[in-house]
Structures are given as structure tokens and as C-alpha cells.
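Here the structure comes first, spelled out in C-alpha cells, and everything after it is commentary.
Which chain is which? They are A, B, C and D, in the order written, and residues in each are numbered from 1.
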Amino acid sequence: MTTRDPLVEVSGLTVDFGPVRAVDGLSFTLEAGGALGVVGESGSGKSASAYALLGLHRGTGARVGGSVRVAGTDVNTADDRELRALRGAGAAMVFQDPLSSLDPYYPVGDQIAEVYRVHRPVSRKAARARAVEVLDRVGIPDAARRSRLRPHEFSGGMRQRALIAMALACEPGLLIADEPTTALDVTVQAQILDLLHDLRHETGMGLLLVTHDVGVAAESVDEVLVMRHGKEVERGPVARVLGAPREPYTKELLAAVPRVETRRVVPVPPQRVAEDEAPLLEAVGLRREFGRGSGRVAAVDGVSLTVHAGRTLGIVGESGSGKTTLGRMLVRLLDPTAGRLRYGGREIGSLPEKELRSFRRDLQMVFQDPVASLNPRRSVGESVADPLRAAGESDEGRIRDRVGELLERVGLDPGRYERYPHEFSGGQRQRVGIARALAAGPKLIVCDEPVSALDVTTQAQVVELLSELQRELGIGLVFIAHDLAVVRQVSDEVAVMRRGVIVEQGSADAVYADPQDPYTRQLLAAVPALDPGLAAARRTARKELARA
Amino acid sequence: MRQPSVISRRVAASTAVLVLAAGVAACGPEDSKGAAGTSGAEGKPQKGGTLTVLNSNPQQDFDPARLYTSGGGNVPSLVFRTLTTRNREDGAEGAKVVPDLATDLGTPSKDATVWTYTLKDGLKYEDGTAITSADIKYGIERSFAAELSGGAPYLRDWLIGGADYQGPYKDKKGLDSIEVPDEKTIVFHLNKPEGEFPFLATQTQTTPVPQAKDTGTKYEEHPVSSGPYKVVTNENDGERIVLERNPHWSAETDEERKAYPDRIDVRSGLDSAVINQRLSASQGADAAAVTTDTNLGPAELAKVGSDKKLAARVGTGHFGYTNYIAFNPKVKPFDDPKVRQAISYAVDRTSIVNAAGGSSLAEPATTFLPERDSFGHTPYDHFPAGKTGDAAKAKELLKEAGHADGLTITLTHSNDKDFETSPEIATAIQAALKKAGITVKLQGLESNDYSDTIHSAKKEPGFFLAHWGADWPSGGPFLAPIFDGRQIVEDGANFNTGFLNDPAVNKEIDEINKITDLKAAAARWGALDEKIGEQALTVPLFHPVYKRLYGEDVKNIVISDWTGVLDVSQVAVK
Amino acid sequence: MSEALLVQEAGAAPAVAPASGARLFLRRLRAQRAASAAALVVLLLVLVALAAPLLTALAGQDPNAYHPDLVDSAAGGVPIGSFGGISGEHWLGVEPGTGRDLFARIVYGARVSLGVALVATVLQIALGLVIGLAAALGSRGVDQVLGRITDINVALPVMVIALALLAIVPESFPRPVLIALVIGGIGWSGTSKIVRAQALALKSLDFVAAARLSGRGKWSIARRELLPSLAAPVITYAALAFPTNIIVEAALSFLGVGIKPPTPSWGQMLTEADTWYQAAPTYLLIPAGLLFVTVLALTVLGEGVRTALDPRAASRLGVGTGTAKEGAA
Amino acid sequence: MTGFLLRRLGGAALVLLALTALLYAIFYVAPGDVAQIACGPRCSPAQVAQVTEQLRLDDPVYVQYAHFLQGIVAGRDFSTGTGTEHCAMPCLGVSYQSDQQVTQLILAKLPVTGSLVIGAFAGWLLLGVGTGVLSAWRRGRLTERVLTWLTLAGSATPVFVIGLLLIIVFCSTLQWLPAPSYVPFTENPEQWAWGLLLPWTSLALIESAKYARLTRSAMLETLAEDHVRTFRAYGVGERAIIGRHALRGAVAPVIALSALDFGSMFGGAVLTESLFGIPGIGRELVHAVKVVDLPVVVGMVLVTGFFVVLANAVADLLYALADRRVVLS
């Protein structure tokens, strides 16, 4: 790689899956040591392009056209042996889900050693030593011992580190990272991004980072390529593209990205809550335990909060913080182990299922997974009609009219009553879920990560819809999310959860502007910034926090 | 072995082959009649070698008290000597009873109620101790113990006090009706005249058992031998038995057992198809092999018949045995003799014989008694059905009986695949009766249920398949249990299925039992059979014929009309 | 195929699969050549079984009529003529011993084999559904009790129980129905395991939670939300269990505890033919061949059904897997 | 781990207890007078009454059952007439028909069935896994299609059909092999192997179909997983991916199914034993049922049930050991 040849040279790349053209004439180059971010929403062809760099489409039935040269190998024409020599040694790839990307049956160290031995004629023992070395390099403490553990014995962040270690083993000139932090919590994400940053500067290897998250790209690369429908939309230095986008789509995309700095747009007239107004829902010392005997753990460990009509309580926390358990307890999908839950002044925390029936429809929920939240074998109209039927409505005409109204209200064509969920996109399904919640005529809706599975542009639309509905109907909202920026956008009050307890609670502005709890501060510092300059500043801040 | 049915047990014990009396289409080409030893492999029989016996049923019961065998059994008779035994000759001669441990067939009192036997000199057990008459008495007594049940009912029925005696384990005093005035003499006191006592004395219950060696239910693991061989191995409840020469047996005291081989190796638990295959292949040790319980089935016969060499190694034998339809006259419409006669006319014996394995394995029967002289067989055909049934005559009779529009009846049979009371036979009857306007519904029962049902006075169906085999080759044990009114059992196993209680018949049975001249008695049994036949309480269907393979090296084939099976005490393998 | 494997295969379909109407299902089935051919064979067999009286009338034969003249009585009853007595009148020859027409018996035997297996399968599925749902939705105690019962069911030696039951039940009880009841009554544990596992998986899904929030009761949820989603694995299981049940019926008959003569069944014909393989091979080969073809066709059809109901496999067929673009993430 | 085993065995004991109680109940109502059968049909009512008393059949069924349980935990004494015989714990009673201790009967039959199962087991494992690996490796090619059809044919064939065909071909037509029969290994190892060759082959051919399918599907499933993509992306060759990663995914299910099959085969090889005339547990059991020999039936069902339940536990354990992701509970 002493030549002037670029590290990666792609021209006119096309990838077809059957009749679908996933990548449509993509061209770009990446010089040795450079870092390129490929950004796009789902279906934009960004991952398919990355896979083409290592010839991973071979044998899958996908058709690849154009030319791809990586580290001197013509990927599309190379024979299997040449390709194998490139993979791992010339260019290595880090995948999105670190758990499923490692063989669950073998120790992590062995897996790294196996890869190493494919490319280097060394003994088993030497390969194992190399594995320990690279594991140590990516910051896994006690690497020699941990190299003998299997992937499931690692935490999510450590697994991703292990994958990166595998990539480092043969010292490749190029690292391809496909959504390397998407499955991780924001604080762990920051650590991994920092690691990639450091490695790149130390080893001088090139980085091709594929991500849907503009912030992640901003943190890590020099140059960014925005993709949509398999084509390049815009390419340029990261600061320029993010700071002064030229293309309308890029602008739209950037506008939709929630920013932790953005306050809630308070609707007119601003909702005023009298201090003495009775809360809609009040939880006192809610606790929920799972498991039995010695395996017993408290997922929610004494949480108290109130929700008022017409206002939004945001609950933010990382995975495992207990926020989903809390949300389910609030609508009594889960029974609290201890504590009280009062709705409209009445204790409902311990009501048996039968007596709960009359309250059921007042407390609704919008779920995270738009796939699992609708019965795939029932038409969406039927799903929306369910609360109506359960309420005793039996006039088919009236049900149809009402469902039509609701579908229209959430922005869907009422004529699609008979359609099945798989015929809808994720955002549309989430709208159906909202319509179903509305059909019950609720006083309060708990939204559990309602937008985390959606692309940013869709995200913005759904968030907007929820706000509108709240304004119109005066319902109380509980908005649970891991994304600090989204929560800030929608919430009046915010509660930050960690390990089953609320560490900080208050008005959204107060919590975001002046976090009191160190954990809140850590969280906020971990949020990727769109501005590369700010990103660098935050990186420094994180290092200080870590040292502190 | 304790099997659910006496009859099937008998079949198992009886196997044989033989050369046959005139009129029977024998398949095998062996020459008949000549002196024993002319059939089988060439050459004069020599002592030595090992005879292998390949059987399907293990010898689970090897206790003389528990065995239910005609004439002392086959393999058991190599170990157990009895007061009398069957004559080891081919054919009809073999249906005679001869002395064994005793010097003669017994001395009856004038009215045949007291029988006295004297033992030969020089009789010894395998350990060299002398056999005494007290041992024979003890052997008989222990067969009364509930622990050792399984034998034939005659001793219990005939001996004075037998009905109440519970065996020596519970009743130490013993049975007074058996006297042993000295070591050589044994006297039996019967409660009625029984001219056929010498036949009964062939059963293994008259085998001597030394009381000191009696271990109750465990005795069968190593019964003490009085015969030419002793037990050296008895594994897995009779699955593998090895017999070797008993040095204390003397050929001089035993005219019947030839005991040519040095060793007998009995292997059982084998599939019947495997046995026949091994015998036909006749390789290695199987060349010197016979079977004492496995017949050739119809399919195997079809195969063997096409192979001349193989056909030469098939023995054919007859055992006193009849398969028949039984009626229960207590059940309508079988109370009407005309209905029973109509059915007698309608049966198609050709189809039935085919279903039973074809004409080589079954002979059509019109008499209840088997067609052997020793039974006193008298030919008759009261309701001639011809070869394939007389539907016209049957219809006529039904009309007379008031069933002009036909009749629907149920035929009970077993589900066993035994070619005897099996579904195929029932279906053949169903098909034949259909021609006479009789609709037959079939009721197939599992074997236990079947034998329970047809032998229960209370549950007995009206119309069913049955069979009967001789406990010894005479009319007495063939007719009395079935037709003697005093043998009707209301609350136990009943064999008088027609509930015949005719004083004239009962009286004639008593009269014949007084006769000690067996030949004269036979003629009277034959006449009685013909007379009972008029009542149409049964429809005789067929008598089975046994065909069995034996190995290439087996010599001196003897198949008597008593057992119908190859006699292992006669064969030689050298 | 063993139950464990059936459970594994039928249960492999994900709990949440896109809805597919009957028409789509048929289209996917038709897209598989082997399954289509198998379906034709099965259809033909079913028609033959249904039209048994008609077909035998056409052949001019009665399955139970004896023909003593067609067998060689002295040779054990072997059919006269070559190939087991095949002739213009007796298309497949006659049975040794009795001379009964084999074509008629085979055709009537198809009724028994298919009918018994069908009833048994339906029963297995029905029992398994009820028990599986009760275990999944009932209390912990109910689940544990049913779990133990399932364990006992698994440990039951089928043949012994069948033997015992066939001995106990009165003769008047129609035997084919009884056999179907025995096979079905013993073989439900596979279905119940699948149903329980799938129902538990479904129960944790958000749409069930949503139904609860609508105010629906447990059983209303089971009927409206769970049952439709259980259809795919259960139908798959049934399709794969059906040929197995044919084998079980034949095996019971083969052991002599199945269908009673004179009613013909293939398994029972095989038992009788067992000894005749040398003297009259066609007598063995015809029912054996038919049994093989039937079971093979049903198995292939079962595989086809599985593929058609499995969205992952269906996508390979490229029939009806279109989903909205945005949701393809 | 120990706790898991203890819990499983405790549960197994309960299951077996229920199973034996069920059998006592079934046989209690079954027709057939046990005493009459044991005594012989020509026994007089008085003799039958004596036998009834001697076998303690006049006790109520729960008392009989209690005696049975007592025998298992403490042993029992039985009268031989001249003395008593001690049946040491675990005493399963004494056969009504042959006076043999059931424990000894079973011990005598175990090596027979064991010989059959072990040989067949080795055969089907080798054949099945081999076929599975080959068809996963050659996926999408002619080899796989052929193997898939062969496997389907295997799973569609009843064991008695395959067995019969093998006998016809190898014993009758070609005469390469002797008629199958059982010779104890201790007596003549060579004859033991030759005699069992066909039974082994039949069972192995049938059972291996399952394993081929299982291995293939487990491997294909693994091949579709993300981690295989990882190793491909790092230049690991196809042979290592098949042999090391894909096969590893099939190990757990194959081991688990093997344990189950191995256990259930002890009571489940009835058909094979009947067909080939192998005097093993299955055949003995069928015979015992027919003669209503309750102690033998219960004893054998208990032992075979024990194998099944044990196999279930072992299967779970092995599965967990082979697949460390599963947590025992």
C-alpha cells in the first residue's frame, strides 16, 4: 500500500436482490488512512454497499455489478482464494449485533485465533497469544482469562470490543464497521466510538463506517456520503455536509434528527397545570421483582411519579434500567410487587383482573415494536376495532365508521381497513397502534419506545402526531425512550432511570440544562453531536468524566 | 409352559411327523411302516453327537407336576420317566400305552376302581439313589399344590379325596387314596371305575420326585432326572436347556427311549419363521436339529413343496384333534335343532380347510372323534354338506324352523392367528352361510377373553368356534369333558359347551369307563360319538395335520399317532 | 418420524408470521412441484378410498368373498397362476389360502388406513390444542400438573397401552374408531408441547398486551388472538403427523392388535403376507408398496405444507412475500 | 447441576409411580381371569380359588399395589411351597405365569434389547449425521436433492416393510446372510453380529432419516446465522465453516434426540423384535400383556418408562452441556 492507489475504489456499483435494485450506480474512493461515513435510512442500500466491498454477496443470489477494488484486489473478479485472502487480512468488518456475530459455542479467544490462523501460518498457541494481545488492545481487562469465555459471558460492549479485536488481529488496512453501535446503549456507544477513533489514529488504518445515525458519523469520520434509494445524495467533508447541506434530502434528514439541545415546542396556548390539580395517575414506591429464590431481582425498585392530564412525562434510561417494566406496571399489564398506583384517586395497583376491566380502556399503551404489536393474522381494522367491540359495541356499521375516523385521524387511508399489518410500513403500523389506543377513548397513554424502531424522518412524524393528539384530546402521556434527544423534544417533565430507580426528576429544561446527578451528566455527555467540533469537545469531556 | 389354553399347549407339545396311514395325502416321501429308523438321513443310527432342538416356546414349566403333556411330553420325557408311557412306534402302533417304570400296565380291581403297579428293579435317579414308590406318590401329591398348578384334572377327579386335597405343603398327611405298601408297589383308589387308568399313568405327574430334593416352585430349575438325560443348563426360564447323559439310567430298564445323542441342546424363544428357515438351510449344528413345537405354515409349505430335497425332510403327523363349531342351545335360535342342522348342512369345508392352511394341513371332518382307530373312530355324516355346503337343504330346514326370511346370528371366534379358531375360518363360515340366507356377524375376541367367554357357563355365546384335543389317544378324554352332563361346571371353566346332560349318554360313559379292554372300549366310544352327533350340538370342521422340517443329519424319525410329533427320544444324529 | 422431531420442525415456524389466506397457501403449495405431485397422489388415494364400493363393483369383486377354486389347497393355499393369480378378473391377484380378491381388499384397506389416521390426527390436534392452551394460559399449578401428565404420556409405551385398551373395550365398540381413539389419545403430547410453547411466546407479544388493554378476558384473547397464529404450526404438525399415524395403524395391525379381520387394512395384510414372501411375493409387495407410496406422498405433501406456511421458506419460493418497503428493516 | 438432576429424577419417580398405578387400574378392569390363566383352563373352581389366594389376587387392587410398592423399596418374600424365596429390593414381583422374579426376567432380556439398540444406534447416528452433513455441504446441488429424497423415503417406510424387504433380498434371494436371530455376545460374538446385522440395518436405515433431516436443518439454520457471515467475512474457508461452525450447531439437538431415541428404543423396538424374532423386552412385554401377566407388564413398563424418563433428563442435560447458552432450571 505504498502506491498511490486509493484504499477503496468503487465505481458504478450495483447490487440487485431479485427484482429489487438495492445499490444503484454508487461510486466513491477512500484513501489509505481515511475515514468515510456512509449515512442513510433503512433501505438506502448502505449495508449492501459495504458488503460488496468484501464480496459478501457472493453465493447469496444477489447480483453485483460495477467494479470494486479494495487494497489492490478486484473484488468482483477475484477467485475464491484471493477473496479469502483479502477478507480479514486486507480489510476486516465489524458487524452490528455483536452477540449474534460471534459463534456462541467457542471461546472468544479461539475464534479470534481461528481467524488469525487463516491468514498467518502460526501455531495454535501463537494464535491464541495474538488473540489475547488484541483483546487487551481493545481494552478488555484481564484479557487472558476472558479470552477463554464464550460470547454470552461478555457484556454487549465487551462483545463489540471483541469483534473489533478480531478485526485488528491481522492488522488490516481497512476497517468496515456496519452500524457498530446501533445495538448498544448511548454510554457504551460513546466508548466504542472513542475506541475506533483512537485505533484509527494509532494504526493509521482506513475506516468505512456505515450508520443510520448522523451523530455517530459526525463523531468518527472525515468525510460523509449520504445515501438514499441506493444512490448517492451528497458527499463531502463531514463538517460541510452536516453544517451546510446542499441537497434537500440531506436538509430534511438533518432537520428530522432530534437534538438534545432542542426544547419542547410548547403548543399554544401553553398548558397550565394548577398546583392543586389532582394528578391523573400517581405511583408511590412502585416495585417489581422477577425470578424466585436467590435469582430474585428487582427490575423496578421503588419508583414514585405523577402524570397529569394534557401533559407528558418523559422517562429516559438505558437498557435494563427498568423503564419498560415501569411503563407496563403503570397500565397494569404487570402487577406491582409492592407500592401503590392510584388512577383518578382510586387505588388500582392491587385490583384483581375482573375489577380492573372498567379501568382498562382508560389506560392505553403504544408499543415499541411495530411488528409484534399488531396481530399479523388480523386485519388492521379489526385490531383497531377491538377496544370498541370489547366495550360492547356490536353495530358493525358504527364500528366501521369509528375505525375509519380513527385511521384517518392518525393519517392513514380509512379504505385500508381490511389490510393486514405486513402490508404497512413501520411508521404506518405505529400509527395503527396509536389509532387502536385512541379507540379505547383513553385518559392516559404510555408510549414505550414508540419511535426507536423507526427512521428519523418517520420518527419526527410520529412524535408530531402524538403531540397533536395530546393537544386535541388532553390526554396524559408517559413517553419512555432511551434517546435523550427525543425525550426532550416531547416532554414537560423528565425522569431519568437507572437500575430500577429514578436518579433525577424534574422539568425537562431543568434536567437537560443543569443535570444534578452524575449519571445524567454522563448520559448527556455521551450523546453524539452533529457538529464535529462539538463532538471533539464532548469526547474530551467524556474522558474527564471517566477519569473523575 | 403355562399357556392360556390347554389345547394350544397340547399343540405345542405335539408335533410331529409321520408317515402316514393310508388315505392321507402325505407330502413327505418317507417310507411308511418299516421298522423305526428308516426315515430321515441314510445309515444306521449311532450313539453320539449333539441334537439341537429349535423351539419357539421356552420350556417355562419343567416341573413334572405342572406339565400338561400327552404321554409325558417330548423333551420332558427325556428326563422324566413315568409309570407307563406311550409306545415309541410310528403311526397307529404308537397310540398304544406301554409300561415304563412299572412292570406292566397295572392291575385293576374287578370294577377297575383300584389300580396296583409294581416298579421295575434297578431304577435310579441321576444321583444314583433308588427310585421308590413313595417318590411317585409324593410326585403326584405335590401336583395338587396351588403353587404347582397346571396339570390335567384327572387325578383330582378320579382319586378318592382328590377334590379337597391341597398338596403336601399344606397337608402334610398326604393323600390316603394312594398307598405304598412297600418300596416297589403303589396302589391307587379311585372314586369310580376308570378302565383307562394306564393312559393317565403316562402323564408326568407320575414321575418320581424325591421329597428331600423338592424345592417347590424352584424345582423346575433342576428337576431330578429319572430318564436317560439330566439337566446341566437351564437358563432364562427354560429358554436354553442343555441335557447330558444320566450315567445312572440303564437302557435295560427302559425299552422305549433310544437316547442316541450324547447331548441335547434346546434353544427356544425363536421366531417360527426363523426355526423353519434354519431347519431348511440345515447348516452347521442345524443339520442335527429338530423342532418339537413349530409346524410348517401354509406359506412355508407352499415353498417347501416346490423343493424336492426339502420335501424329503418334512415329517407328517396326526394328533387326535378336532376343530368344530359349538352351539349353546340355551341361546336362541340355537335351541332349535333345525337351525343347528341347517348350519351343519351349509358349511363349506373346502373353504374352511383352505383357510386352515390347505388340504395338506387340514382334513375335513364330519365326525367329532379324530379319524384314528385308537379313538374308535366310526365314520358318519349325519348332515351331508358335500364339499362346499348344501345351501338348498339348509334353506329348507330354516324355512321349517320359521326363518324363511333368513336369519342373522353372531359367530364368536378368537383373534389369534392360529389357523384354528382364527378370523379366516370364521370368515369362511360367514361366506358359506350367506349362501343359505344366514347373515353372520363376527365377534373376534382376544385370546384370554375368548377362552374365558366360551368356557364360562354364564357368558357362553350361542355360536362359536372351538377345538378339542385328546389327552390320550382314546375316546374317553375326547368325549366325556364335552358331552358328560356331570362335567358341566357352572362357576368355573366349563367344556360341556352344549350343556348336554342326557342320562343315556352319562350312563353309557360310565359303562365304557368300566371296561379295561381298551380295544373294546374304543368301539363303544365310536358308537357313542355317532349317536351324540345326531343332536347337532357341534359341527365338526376339520382335523389338523402337522408338518415339520428336520435337519439333514437327523435319522430314525418316529412319529406316533399319539402325539403326532417327531419323538426326540428316538432320533439319532450320527 | 419421531414426535420430538415433529415438534422441532413444526415448532420452528416463528410465532409471528405474516397472515396468509387459504388462497395464498394454495399458491405457495402449487409452486412446489414435488408437493403438487404428492397432493395428486393423495387425492387419488382419497378418491379410491371413498369410491371403494364403486370400484369393487366395477371390478366385479367382493373383498370378503372366498374363492377356494383359485388356490392350490394341497400346496398350502398358494394362488394358482403366475404373479399371485393376477387375471382379468382379479387385477391384483388373490389372497393365498382364501382366494379373496386382492384389489377389492386393497381398495377397502385404503379406507381404513386413511380414515383411522385422519381421525387419529384430528383427535391428537384437538386434545393437544386444548391441553397446550390450558397449560400456557392457566395458572402455574395447572401448567405443572399438565406438564407431569405430558411426561407420563411421553413415557407410555404405545403398544402396551393399545394392547391393554383393545383388550378391555367391549367387542361391540367399532374397532377402527377405537384404534383412532387410542392413537389420537396417546399421541397428543407433541401438539400440546408446540401449542404451549407457541402460546407462551405469543402471550408475551405486544398485541396480546394490547388486547388485554382493550378489556378482553383470557379466553376471548386465546380465541381471537392466539388461535389464528397457532394455526400454522398446528397445521404443519398435523400434516407431518398424519403419515406417521398411518404407519402406527399399520404397525398395530401388524402386531395383531389393530383392525380386526375380515375388515381389510394394509398393515394387517402385511402381517399375513409376512410368511408368504417366497411363495407369493406379490401378496407382500402390493400392500407394502402402497403403504410406502401413501406415506411418502403424505410426507412430501406435509413438507410442502410446512414450506407453504413457513414465511422464511416461502420467500425462497418467491410467492406472496411482498412487504411494504419501509418496514423491511 | 446436581440439583437439576435430583429434581428431574424426583419428577421422574412421580411420573413412573403414576404410570404403574395407571397400569394396575387398567389391568384391574381388563377381562381375563388371571388365576384361571395362571392355573390353566382345566383347573377346577376350587383350584382356581387356591391359586387366587396364593397370588393374593383376592386383595383389593390398592392393597396389591401397596405390596408392589413395598417390594420396590424393601423387597418381598414369596412362597415356593417348600419354603420362601426372597426377592430383594428393588423387587418388581414374581410372574404369575412362570414364577420367575420379574427383575431377573428383565435382566435376562436387557442384553438382548440392548444389543439391538446399541448396534442400531451406532448405525443410525453415523449414517444419519453423515448424510446430514453431506447434504448441508452440497446444498443446492444434485447430491442434496438425491439425499433429500432418500431421506424422505426412509422416513416414509415402516420398519417392518424395510425389514421384510431386507430379509427377502439378503436371506432368501441372495442367501448372503443367515436368518436373523439372537445369539448372546458372550456365546459367540461373530454370530451375535451376523444375526443382528439385518435388524440393525433396518432400524438404522429408518431412524437415520430423522437424524439426517435434523442435522441438515440444524446446519442450514446455523449457516444462515450472523456469526457464519462473520467467519466468511474473515476469509475462513467453507470446509472449516461446515465442519467447525455449522456442525457444532447440530451437535446439541442431535445429542438430545439420540438420548431420547436411545431411551425409548428399549421399549419401543417391539416391531423390530417381533419381525426378526429377537426375544427382547418388547416382544416379552407384548406376550405378557396377552396373558395378563401383570407383574411382568408393570415391571417392564416401569423399566422401559424409566429409560424414557431418564433419557429425557439426560437429553436435557446433554443439550445443556452441548449448548452452554441454555440455563438448567
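Here is the rule we use: contacts are C-beta pairs under 8 Å (C-beta built on N, C-alpha and C of every residue); 3 or more make two chains touch, one makes a residue touch a chain.
In this text the structure is predicted, and so the values were computed from the model without any measurement.
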Q. Which of the two pairs, A-D or A-C, is linked by more C-beta contacts?
A. A-C
Q: Find the most central chain, measuring centrality by the gap between its CA centroid and the centroid of all protein CA atoms shown.
A: D
Q | Computed distance of Cα centres, chain B from chain A, in Å | A | 88
Q: Report, in whole Å, the distance between the mean C-alpha point of chain A and the mean C-alpha point of chain D.
A: 51
Q: Could you put a whole-Å number on the gap between the CA centroids of chain A and chain C?
A: 47
Q: Report the inter-chain centroid distance for chain C and chain D in whole angstrom, where each centroid is the mean of the CA atoms.
A: 23
Q) What residues in chain C touch two or more of the other chains? A) 167, 274, 277-278
Q: For chain A, write out the residues touching at least two other chains, lowest number first.
A: none
**Q.** Multi-partner residues of chain B (at least 2 other chains)
**A.** 273, 446, 448-449
Q. In their complex, what parts of chain A are in touch with chain D?
A. 54, 56, 83-89, 92-93, 95, 97, 100-106, 111, 114-115, 118-119, 150, 152, 163, 166
Q: Over in the complex, which chain A residues touch chain C? Could you list them?
A: 18, 42-43, 328, 331, 333, 357, 360-361, 363-365, 367-378, 383, 386-387, 389-391, 420-429, 433, 436-437, 440, 453, 455, 458
Q. For the complex, which residues does chain D have touching chain C?
A. 11-12, 14-16, 18-19, 22-23, 26-27, 29-32, 152-153, 155-158, 160-161, 164-165, 167-168, 172, 209-210, 213-214, 217, 253, 257, 260-261, 267-268, 270-271, 274-275, 282, 285-286, 289-290, 297, 301, 304-305, 308-309, 312
Q. In their shared complex, at which residues does chain B touch chain D?
A. 1-6, 9, 60-61, 68, 142, 145-153, 156, 163-164, 166-167, 169, 214-218, 235-237, 239, 269-274, 277-278, 281, 283, 446-449, 451-452, 455, 489, 491-493, 495
Q: Over in the complex, which chain C residues touch chain A? Could you list them?
A: 16-19, 205-207, 209-216, 220, 224-225, 228-229, 231, 318, 323-329
